[in-house]
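Given below, in the form of structure tokens, are the structures.
Next come two complexes, and both contain subunit A; in the first it sits with subunit B, in the second with subunit C.
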Partner chain A sequence: MTLAVFFGCSFIAFGPALGLCLFSVVREPLRVIILVAGAFFWLVSLLLSSLVWFIAVKASDPGDEPLQKGLLIFGVLFSVLLQEAFRFLYYKLLRKAIEGLVALSEDGCSPISIQQMAYAGLGFGLMSGAFSMINLLADALGPGTVGIHGDSQLYFLTSAFMTMVMIFLHTFWGILFFHGCETQRWWEMVAVIFTHLIVSGLGSRVRQAPSQDPEGPSGALSLSCSLPALPALWCCQLGPTVAFSAISFLFSVIGGPPFVPAGGRCPGAPAARE
Partner chain B sequence: MLRKEPLCLRRKDLFCVAIIGFHRAVPMTELSAHLPQFQHGQLTENFPDNHLCNTNDNSERRRHDNSERRRNDNPESETNGQPQNRTQQVVEQDEEDEELTLKYGAKHVIMLFAPVTLCMVVVVATIKSVSFYTRKDGQLIYTPFTEDTDTVGQRALNSILNAAIMISVIIVMTILLVVLYKYRCYKVIHGWLIISSLLLLFFFSFIYLGEVFKTYNVAMDYITLALMIWNFGVVGMICIHWKGPLRLQQAYLIMISALMALVFIKYLPEWTAWLILAVISVYDLVAVLCPKGPLRMLVETAQERNETLFPALIYSSTMMWLVNMAEEDPEAQRKASKSSTYDKQAAANQIQNEDADLDDGGFNPEWEQQRDSRIGPLESTPESRAAVQALPSNSQASEDPEERGVKLGLGDFIFYSVLVGKASATASGDWNTTLACFVAILIGLCLTLLLLAIFKKALPALPISITFGLVFYFATDNLVQPFMDQLAFHQFYI
Partner chain C sequence: MAAGAGWRMGAGERGRRGAETLFRGLLFCVLGCGFCWGNSVERKIYIPLNKTAPCVRLLNATHQIGCQSSMNGDTGVIHVVEKAQDLKWVLTDGPHPPYMVLLDGELFTRELMLQLKGSSRISGLAVAISKPSPAQGFSPGLKCPNDGFGVYSNDYGPQYAHCNWTAWNPLGNGLAYEDFNFPIFLLEDANETQVIKQCYQDHNLPQNGSVPEYPLCAMQLFAHMHAVTNTVTCMRRSSLQTAFSLNPEEVCDALSDYNVWSTLKPINTSSKINPLDEVIIVATRIDSHSFFWNVAPGAESAVASFVTHLAAAEALHKVPDVQMLPRNIMFTFFQGETFDYIGSSRMVYDMKMDKFPIRLDNIHSFLELSQVALRNSSVLWVHTDPVSRRNDSIQPQVETLVEALINSSVGANVTLQEVGQSQPLPPSSFQRFLRAKSIPGVVLADHRTSFQNRYYQSMYDTAENILMKYPEGLSPEETLDYVTDTAKSLAEVATVVARALYQLAGGTGNTSAIQADPRTVSRMLYGFLIKTNNSWFQSIIKQDLKGLLGDELPQHYIAVTTLVNTTQLVQYVLANLTGTVVNFTKEECLNPEKTPNPEKEMYVYTWVQGSRDPNSTSRVPFCVQSTVHLTKAASPAFELKQWGSTEYSTWTESRWKDIRARIFLIASKELESTLEAIAEADI
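Right after this comes the complex of A and B.
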């Protein structure tokens, strides 16, 4: 594969997130820290959920295919629930941090509001996208031909688009979730968890080809052999995910402008708890 | 034409070289935890100069050094927390410091994130592209036991022995350093540091450049190479040990940390490397926090004598005092009741002027005598200058702490990069593991700074980050990677 594929896919997957970072995160040290801490929380949740999955797999019969598939789906659902739990934990942590910053500041204004702290969602999204995409991108730099065994040739492109959409989704979910926690609207949080479960579960609808490429521990080469035809993939997975993303975006925008300028209005403690 | 040297000669050379290089790394790692406000004050004593202000400035600087240390019991100088002289602190100044500290803490965390990230990026990029650093070409003499054994038990035993030998070497060298410092053998210490800098800047970078050329198949003649290495090395020595533009000095410190980390990654076998990382963070914890720890004794001795510690072992994110004369002294500025923007502009202009100390500005002694006879003896001290500069403009106390910046020992850079480099070199999860270790180290650094802000005492920088890094390395490699593989295979996106 060529450099063009590498750069194209990486910019498709990470371009919007990079733009978001460059224009709004990089200048503010607090936002950078929140971003990195968000990434860390996602990582911890992934670690714990993969621990649970690993134990389950080791305790079960490795030859039983449907059981393994079932365990994987269980792993996915557990991982999603754990991610949302960690999002909630992160919200609690950021709340405490805001209170601390307000207490320390001279004029009772926190330098950062809770809406801006939804950048934590971007941290989650970036880490999730990076874990999905980075090995693929590294393989894209090496030799090989995508879909040489008759599968879809647009595998990298599809993955890049899915990653981009997932990053967006995590960002919007972060905003909605934090807004729900702030305003005590539980239905927002439930909606976020629900859509997350649906989006992650969409992968189970993608049929797998039985043949497996014995090559390489890295997923990419074996993956290109097991993808179904492209239209089905787009209908089953990418389409609904994009739709959810658009809906979430609308909801987050409607909920109130999340990007309050740093020097703008001063929320103070009482105003934040509407 | 650069030819490939016979392997045996190369290996032997590198063994000898690595010894001296490692001796250099030891003080860097040991002092990584908590060096006090480091200034080039000591160097000015060695350089004869005939500027009238200088003797004044030296004594002023010592006093300000002391007061600066008292003031800086805070996270700005992350590795500079030292035992407090609480009695000498003014209460309201303490509170003001605390507020400003926590407000500006985020900025200083970022000031440390950037160089640590850069060092790690350099190391990972080199490991991924230049195969020399992942090839096994023997081991250091500090790790004599091989890991190519028949049984797992034997391998474990060998790696434990290797780690034990390495750590005892480190302990011995640290104690030697403390003893030398206590008995004021400064020349020996300076000589040691200069020799190791020379080695890193010339020999290791020569090898690095050679390997990069080999990887990209670039033809290079010895003459051009000699010119390049000579220039690189000499400018590096000047920047690190004397004066230089801040960014250049930071760049050189990052480069030598990366070079040292690459040497460790190449010559430490796998299990030994992980064990050494674990043990050295425990040692760091012990050496800094225990009352009889060598590093703590070193710092206390330095404080008693009102002296600075060794040059060129700390990365600093702001201007060193030596280069900036007119603006730096916060004591003077506090007396003159606040710094002003004019100071900062003067400081900015002076950043380029490396000869601030030795440059008498065209006012030769005859002129000064004339002036003195006409107007009376004048002495331009930092206080008087600050007072004059503070007069016309508005005062902004908040400008002050931003200028102070933050310092981190080079040993921390080295070991963080060793961890991430080893992760990228040997992990089956490859980039996922590297990324996970990277995030873990950054968060560890963040937490360390936070703890420093809370406890306000000397804290080591290695333990939290290395613990997180190790946990994430093994967890990601063994648990997360199979999970992610299965997810990717079945096209699940979580």
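Right after this comes the complex of A and C.
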């Protein structure tokens, strides 16, 4: 559908997130590092979960439809849990990093607080968004649009919005999750995992059976790439996702302000643990 | 602060490595997404059309013919044209040009195509093959095939040149020799055509006289050809590339393949035969052509003729005293005759240049089988060349030839009749031999003046065209063995030819025992026209050539790759029908030079895989001794690097990268601008 759709969808999907990046992350080198490393952690979690799914699919009978469906659901579940596990691992890594930064600093304060390290969530989101959108964008460059088999015309538009919302959701989940880990409020972590499961479950109602996808990586891509038809899309997926996003935003705002200026007194409570 | 320094390096190091790995990850991500062919999003958008045949570009010394698409394919809104009035929408009325026309096979005529050619509102054409074949006949070939490359020219029989006397192919509309600047594809599968028509009916039909609204159903055809202008240009460019580039990008290839020939009495191919030895040449062509690439069923124009020829060769080899005949007989199957006599011109050239074991002076007479399957009330016409017959030495030899043929037809259901003495030869390989030397010869055909074949060199020249009918409900094995009436008729022609050849070669025995086998003819017709992957063909080919036999309809186009399936199959069938089984082991058969025996130099040994036992799954291979040889059938113009030659064939085929077709929906420009507006707002 040519360049118009390509640029339109990519700006819709990544515009706000990149704006956020531009205003708050790009100036601070430490935030950049945390963002990029966060993206990498998400990538590794996706690789591992797609490897497991791929092995499961290859080891199973491709003709058995209910089994393939079951494997898909299992795949989604496993992927979500693995992503959250990696988020936790990243949290642990960042805690260690704070200790190191505190040791390096002159005034015994870490130049970055754990709340700001929740930018890792933005990294997660950007990478997840990239995976969702890129093959869509590649197909958007071609002359055709979705619809010959009866799907909705607004497929690309909806996917772009969905991706935008997912990026923000990952950001807010990051904030909530890290806050939950910091303050030992386990219910926050459970809520994050729970909402992540719901949103992914809504998103992974793929049209075709996964056995038709040739390789593992593209199979995993199809998990995050394909979306159901428009009416189901708007009511059952985009709507609740936006709702979750709004709720998460509120909680994260209540949980702790991420935009704390660096320098001055030690920001955030447990800046250094002896 | 060693520990601190170490820690600082550690953090920086980790950060850099993290960024590096992320870059690799992103690259993997992009590449991974780039390889998402057939991913579910692409399947939501496009429906690929798999059973299609493109029209490609062919070039000769002066022109380019065929079709061309843009580099990245041509896209257009589909419009189905089922009657002539529908064309008006495409040419003038339709509001969403350019259009991609889906044409019914019946409407694929010269007038319509010239209308489309002149219009800028057409981006491509898809022709749905018409079943049954169009009743009025269809031939995209020329009215005067191979004009200018036969024997008749301003120097030799000028009144016969350029079909002044008779247009051999009056139904020929010359479409295959036109140059189109948009792609044209053939839709071979009726189901795919129906899918396209359904998409058109759902989206492109105007509702209540109003303009159809977006989204519209569109088709994209990819068939970008690399060669342009003519053979001289493309060969020059190719040779520059080969000479100077490390990674040469050639743009065209010469049409070439191999001729198959075999002699009744074995000859030593490494030296020339005795100048006093006389050889009778029997010739047929084995290739055909149509408007579309690699669609060339050629039933009447090629297959029936060479099958008859093969049956005659088999019948002759069964005669006990053939090895004692005074004259030898050479059975020759020329490839590439459709394209200005590639095979026969090369053989004549080789004979003149002494590169062939037989010289032009050794040729005693020439017998060619042109189209023989559609005989009207069992009459077979004998064509001769009026110009060479004016020669006093040629005329009696021609008369002997004709007399031998007429004598052989007594008792068979074939009536041989001579055409008028002032009538020229039809397009035939014999004309190339006459260009070099006056040889007495005849061409046998089922037509007196113009062709009986109403589908000459078209996609409709199939088994139905030569009236091959099988009863319902037969299994493939039973169909293979069933003897059709066509087979019986061709077997009679083969019998007549074999008997005449025996007489001409100096045979003095009774010829009534020489009979061609209708069952063999029928099996060959089945194998070359319906399915090559049958049990008989499987048993006569070599073991490692399983890819040779396919399940789809066989096509007989010369192509640019060497040794197309047809040539190889003719070679193996000829070896099987005229050769003898010898008791050699596999090593002896594959390496005959190891065992010293002067006779071995005259034969060719083939290790064939044999037939399958009905009980077991293994085959019993054996060694066949035959005199079947292959010689190169590439136009001398390419050997001599005379790419602009008017003497020899200069046909080349363009190269291409990607040929495919697909349909999809296209959205309106308004939707795209809305998308842009939202995107702007977002940012």
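The rule is simple: the second predicted complex is superposed on the first by the 237 of 274 C-alpha atoms of A that agree within 3 Å, B and C clash if a C-alpha of one lies under 4 Å from a C-alpha of the other, contacts with A are read in each partner's own complex, and residues count from 1 in each chain.
Throughout what follows, a residue touches a chain if its C-beta (ideal position, glycine included) is under 8 Å from a C-beta of that chain, and two chains touch if they have at least 3 such contacts.
Small disclaimer: the values here were computed from a predicted structure and weren't measured.
Colleague: For A:Leu157, select first, second, both or neither according to whether it touches subunit B, subunit C, the two together, or no partner.
Modeller: So A:Leu157 only meets subunit C here.
Colleague: Tell me the contact category for A:Gly19 with respect to subunit B and subunit C: first, second, both or neither.
Modeller: second
Colleague: So, A:Ile134: does it touch subunit B (first), subunit C (second), both, or neither?
Modeller: Once the two structures are laid over each other on A, A:Ile134 reaches both partners.
Colleague: Would you check which partner chain A:Val5 touches, where first means subunit B only, second means subunit C only, and both and neither mean what they say?
Modeller: So A:Val5 only meets subunit C here.
Colleague: Touch test for A:Ala39: subunit B only (first), subunit C only (second), both, or neither?
Modeller: So A:Ala39 meets both subunit B and subunit C here.
Colleague: Tell me which partner A:Phe54 touches in the superposition: subunit B (first), subunit C (second), both or neither.
Modeller: first
Colleague: Which partner chains sit in contact with A:Thr183 here, subunit B, subunit C, both or neither? Use first/second/both/neither.
Modeller: neither
Colleague: I'd like to know which partner A:Leu104 touches here: subunit B for first, subunit C for second, both or neither.
Modeller: After superposing on A, A:Leu104 lies in contact with both subunit B and subunit C.
Colleague: Just to be sure I read the superposition right, which of the two partners does A:Gly142 touch: subunit B = first, subunit C = second, or both, or neither?
Modeller: In the superposed model, A:Gly142 contacts subunit C only, not subunit B.
Colleague: Find the residues of subunit A that appear in the contact set with subunit B and again in the contact set with subunit C.
Modeller: 33, 36-37, 39-40, 43, 100-101, 104, 127, 130-131, 134-136, 138, 206, 208, 217-218, 222, 226
Colleague: Using the touch definition from the top, list the residues of subunit C that touch subunit A in their complex.
Modeller: Residues 4, 7-8, 10-11, 15, 18-19, 21-22, 25-26, 28-30, 32-36, 38-47, 75, 199, 215, 217-218, 220, 662-667, 671-673, 675-676, 678-680, 682-683.
Colleague: Can you check the complex and tell me which residues of subunit A touch subunit C?
Modeller: Against subunit C, the touching part of subunit A is residues 1-2, 4-5, 7-12, 15-16, 19, 33, 36-37, 39-40, 43, 97, 100-101, 103-104, 127, 130-131, 134-136, 138-139, 142-149, 151, 153, 155-157, 164, 206-208, 212-215, 217-218, 221-222, 225-226.
Colleague: Would you mind writing out the residues of subunit B in touch with subunit A in their complex?
Modeller: 99, 102-103, 106-107, 109-110, 113, 428, 430-432, 435-436, 439-440, 442-443, 446, 472, 475-476, 478-480, 482-494
Colleague: In the complex, go through subunit A and note every residue touching subunit B.
Modeller: Listed in rising order, the residues of subunit A that touch subunit B are 29-30, 32-33, 36-37, 39-40, 43, 46-47, 49-51, 53-54, 57, 69, 72, 75-76, 79-80, 83, 100-101, 104-106, 111, 127-128, 130-132, 134-136, 138, 162-163, 166, 199-200, 202-204, 206, 208, 217-220, 222-223, 226-227, 233, 237, 241.
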